[in-house]
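First the structure, in the form of structure tokens, and then the observations on it.
Think of it as A, B, C and D in the order they're written, each chain with its own count starting at 1.
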Amino acid sequence: MSPYFAASPDALVDDALAGFALAHADLVRLVPDPGYVTAVAPAPTRVVGLVSGGGSGHEPLHAGFVGAGLLDAACPGRVFASPHNRQVYAASKAVAGPGGVLHVVKNYTGDKINFAIAAERLQHDGIRCARVLVDDDVATDSADIAVGRRGTGATAVLEKLLGAAADTGADLDALVALGERVVAGSRSIAVASAAHTSPATGAPAFDLPAGEVEYGVGIHGERSGRTRPLGEVADLVRDMTGELLGSLGLAPGERVIALVNGLGRTTPMELYGIHRHFAAALADRGVVLERVLVGSVVTALDMRGFSLSATRTDDGLTALWDAPATAPAWKA
Amino acid sequence: MSPYFAASPDALVDDALAGFALAHADLVRLVPDPGYVTAVAPAPTRVVGLVSGGGSGHEPLHAGFVGAGLLDAACPGRVFASPHNRQVYAASKAVAGPGGVLHVVKNYTGDKINFAIAAERLQHDGIRCARVLVDDDVATDSADIAVGRRGTGATAVLEKLLGAAADTGADLDALVALGERVVAGSRSIAVASAAHTSPATGAPAFDLPAGEVEYGVGIHGERSGRTRPLGEVADLVRDMTGELLGSLGLAPGERVIALVNGLGRTTPMELYGIHRHFAAALADRGVVLERVLVGSVVTALDMRGFSLSATRTDDGLTALWDAPATAPAWKA
Amino acid sequence: MTDTTAATWLRAFATAVLDAEDRLTALDQAAGDGDFGANIAGAVRFTLADLDALAAGAAEDEVISAAASAFLDRVGGTSGPLFGLLFQEFAAATRQAGGFTTAALAAGASAGLAAIQRVGEAEVGDKTLVDALSPAADALSALPDDTPLAEAFAAAARAADEGARSTADVRARRGRASYVGDHAIGVVDPGAVTVGLLFAAGT
Amino acid sequence: MTDTTAATWLRAFATAVLDAEDRLTALDQAAGDGDFGANIAGAVRFTLADLDALAAGAAEDEVISAAASAFLDRVGGTSGPLFGLLFQEFAAATRQAGGFTTAALAAGASAGLAAIQRVGEAEVGDKTLVDALSPAADALSALPDDTPLAEAFAAAARAADEGARSTADVRARRGRASYVGDHAIGVVDPGAVTVGLLFAAGT
């Protein structure tokens, strides 16, 4: 008996999409079969369609970011499972512009495979298609991990920047170049003090001793193999900040766009408190916090934890961040 | 050892306010002593200051709703404890307009007392001050409860409508009349399948058997004395909808603004799925769902639960709902 | 003991509250929202700090006023301002009586009860601190003015404790506990318990 | 048995997967993200429905194609499309061989392995389904073409099960299990276990 308010893991996804489409009929349209969401009113200046997607359970990512100035389409898979290629293929065909379609893909095997199969089908149909792969999670930056760093929180930042760039009429090559630059300048790190509840079993996905945090947890509850005492939040945040900045090689005076992200069960009070410590840690290192988003935007069901992300920025990127966008989970 | 990412219950509140002010310096200003938040750029057309507040733990209410087109100030108390009168007094003095100040108060003894003491001090200073008391929770509509219905989710709806009305230059009497009309036309009902974690003890505030929900729970974890099997979410939502509409005496063809509100740990997927059922239940009763907000806006720390609210609307109220507002938790 | 001063009383009250904090939290959790322990502990900590800051020769009524303003101006919730109103009346009665006497205690308790009922609208039997304060005020009023202060405190504490115990038997009709229906039956009201601690602290 | 048909095989596989769903979920939870059981169970349910919908006299390769498209076009995750690619190659080999034979099974397994490695880039030893499929494909290739189909399935199942067992000993380097470090040691890979179920279903 799952404690989620849903009849089954599949109903969790399907009812959510139906309700989402009802609640945001002014912004998005749902195509239930094969399963994707498109923007009602993308900017007419766009020549490239922006498509993302991935397993469900990370809401508001990605469907919440479908809208003007953001994504043209999102393909939600089952809980923690990538969408199948037909979803990606159909969504891409629906929103491809004269300049083709760009896939924003988090670096997971399943996502890569399904987006890759869809890309082959699109190219077969004569639709130009390229991909930006997000791999920001420093916890998976290890020689033991052949697949490379996972894609996590910075995906939200990337989608915003690419959306604003697409609105300027940028072509596919320019968007790929921008996306790769943003990805290269982005890192994240996540911790959890309690696992999410598995919708399949109704039990916590893993157990942690009280007072311990899993340091470097993944957004599907992948354990890191590293626990540490929670201790002082300020200390934890300072250590996490150090890893981000170290991995990015950020020098004093450089500027970042930051994301303080809740993983599901973390309260707004905790996130803002964490931000207080994060801002102090960045200031201590001489890094300029140019913009910040505090909220639960890339979640892991009801996990009790948070992630910190930093993306190196400049005047151009910050202007893209500030550009107007109207999506269910983003209004500015 | 509390599992919250905060050193203590007090640090939870204080660090959050500091981080909140940092993250939203463009929108709000924090006065840490005695503790309130004000809007940086209220509409120049306002003649009455709008002040709300209450215990912390319900974020983004109220501080997230401080901004242009919404509240002029919010006074956050300790976790689940009303602010003290000095906070309310100082905040009110800071934002009172030539037409005085309006207090939006949820119906709890502590809130009533502290706002009332502040109101006496304001009147003593020659500042006109009035109050709108929110009492929307049908679970507390009982002859056994001398204090009347609690104030819960509909507070968010009321604050938006009053904010828009205040921007039109409405005077204190007009705002009180509007507020009382909105309150009279608003009802909410909440359920929980798991209690919040007490920041004081680190343990769940109460225990529920697996598969049961507390029907009519309060936003501080007040138990209702009524549990029922969770069962089908659609059935649960239909019953809750019936209570709202019955209590409001809504006739077919009447129109509502609705809120589908997460209490903390409930995922966006669940909320949208609940909305699907809510929309169907309203349609079955012939009620017109004119606007809806789906999200966790009036929370109870990390409670696993949700509330449904309905506010009777008309063209005028809907226009106020649609009016632009820019606050940390509200952009439109 | 006959040397109860306002300061020894308030400090003893603070100690008793801090010792009982977890139990008070548990009571408010069983029948309210769980913050009573933190609210009242925060209040007595502010009071202790304010007492420390007070000039050495402060008058008794000034000492009690310090407690009143700590509770009224720095503590929210329901209990903070209500105890603050009570202390405000103790201070006024002490000033009036020219000292911290049994007569002042009795007059303050009655005036404080009235203020709390004006603001909070609770009657005896609503399962609030009024259920302890009301019999305590009655007990104090019945005492001859020359009753030693410590004895007066003891009589008030007995009446308050009995009143607090009686709150276990009833459903609450006021305050957060009023929402929980039969869940509150069998649980004593933490505010009433604290009134007992307040008077016991003067013995 | 020598009367294994594509349909009996695929239905037996579906039954085995549905029976094992909870165990597969637990394995993916111990070393991945916990959705493998749901993904693969969803896939075989689609397959069963598609088999039911198939015309009565459908050719063996059409039967297997139905499974391929159920997996490829309706199931996401990592495992869905990878098994889909494998079924696609079984179908192609069956069409080529003019029947569902041991030779077709062997050729399909090898071609499927190649496709899976092209797309997923996993090597033997990375703790993925490749660790079961690769030895199974080798075992099938080593069989004479006239080996009865059920015997061929049995040989492949033995090799796959042994390969699957070997995944318990290693850290994963591919797929979600690669992130969990030593937590995955001692846990067999659910994808590899499922390859064993796939071949056992033909015996």
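Heads up, the rule we're going with is that a contact is a pair of C-beta atoms (placed from the backbone, for glycine too) under 8 Å apart; a residue touches a chain by one contact, two chains touch by 3 or more.
Protein names from UniProt, one per chain: A, B = Dihydroxyacetone kinase; C, D = Dihydroxyacetone kinase subunit L.
Just so we're clear, the structure is a prediction, and the values are computed from it rather than from any experiment.
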Exercise. Shared touching chains for chain B (Dihydroxyacetone kinase) and chain C?
Worked result: none
Seminar exercise, completed: Taking each chain's centre as the mean of its CA atoms, chain B (Dihydroxyacetone kinase) sits from chain D at a distance in Å of 53
Exercise. Between chain C and chain D, what is the separation of their C-alpha centroids in Å?
Worked result: 73
For this session: Report, in whole Å, the distance between the mean C-alpha point of chain A (Dihydroxyacetone kinase) and the mean C-alpha point of chain D.
Result: 31
For this session: For this assembly, give the contact graph shape among line, ring, star, complete and other.
Result: line
Exercise. Among the chains present, which pairs are found to touch?
Worked result: A-B, A-D, B-C
Exercise. So in the complex, which bits of chain B (Dihydroxyacetone kinase) are touching chain C?
Worked result: 9-10, 34, 55, 77-87, 108-110, 113-114, 116-117, 139-140, 144-147, 150, 198, 200-201, 205-206, 218, 220-226
Exercise. If you look only at chain B (Dihydroxyacetone kinase), which of its residues touch chain A (Dihydroxyacetone kinase) in the complex?
Worked result: 1, 3-7, 11-13, 15-20, 22-23, 56-57, 59-60, 64, 193-194, 202, 210-211, 230, 232-233, 236, 260, 264-277, 279, 292, 294, 299, 301-302, 304, 306, 331-332
For this session: Provide the residue numbers of chain C that touch chain B (Dihydroxyacetone kinase) in the complex, in ascending order.
Result: 22, 25-26, 29, 32-35, 37-39, 42, 72-82, 119-121, 126, 171, 173-176, 178-183
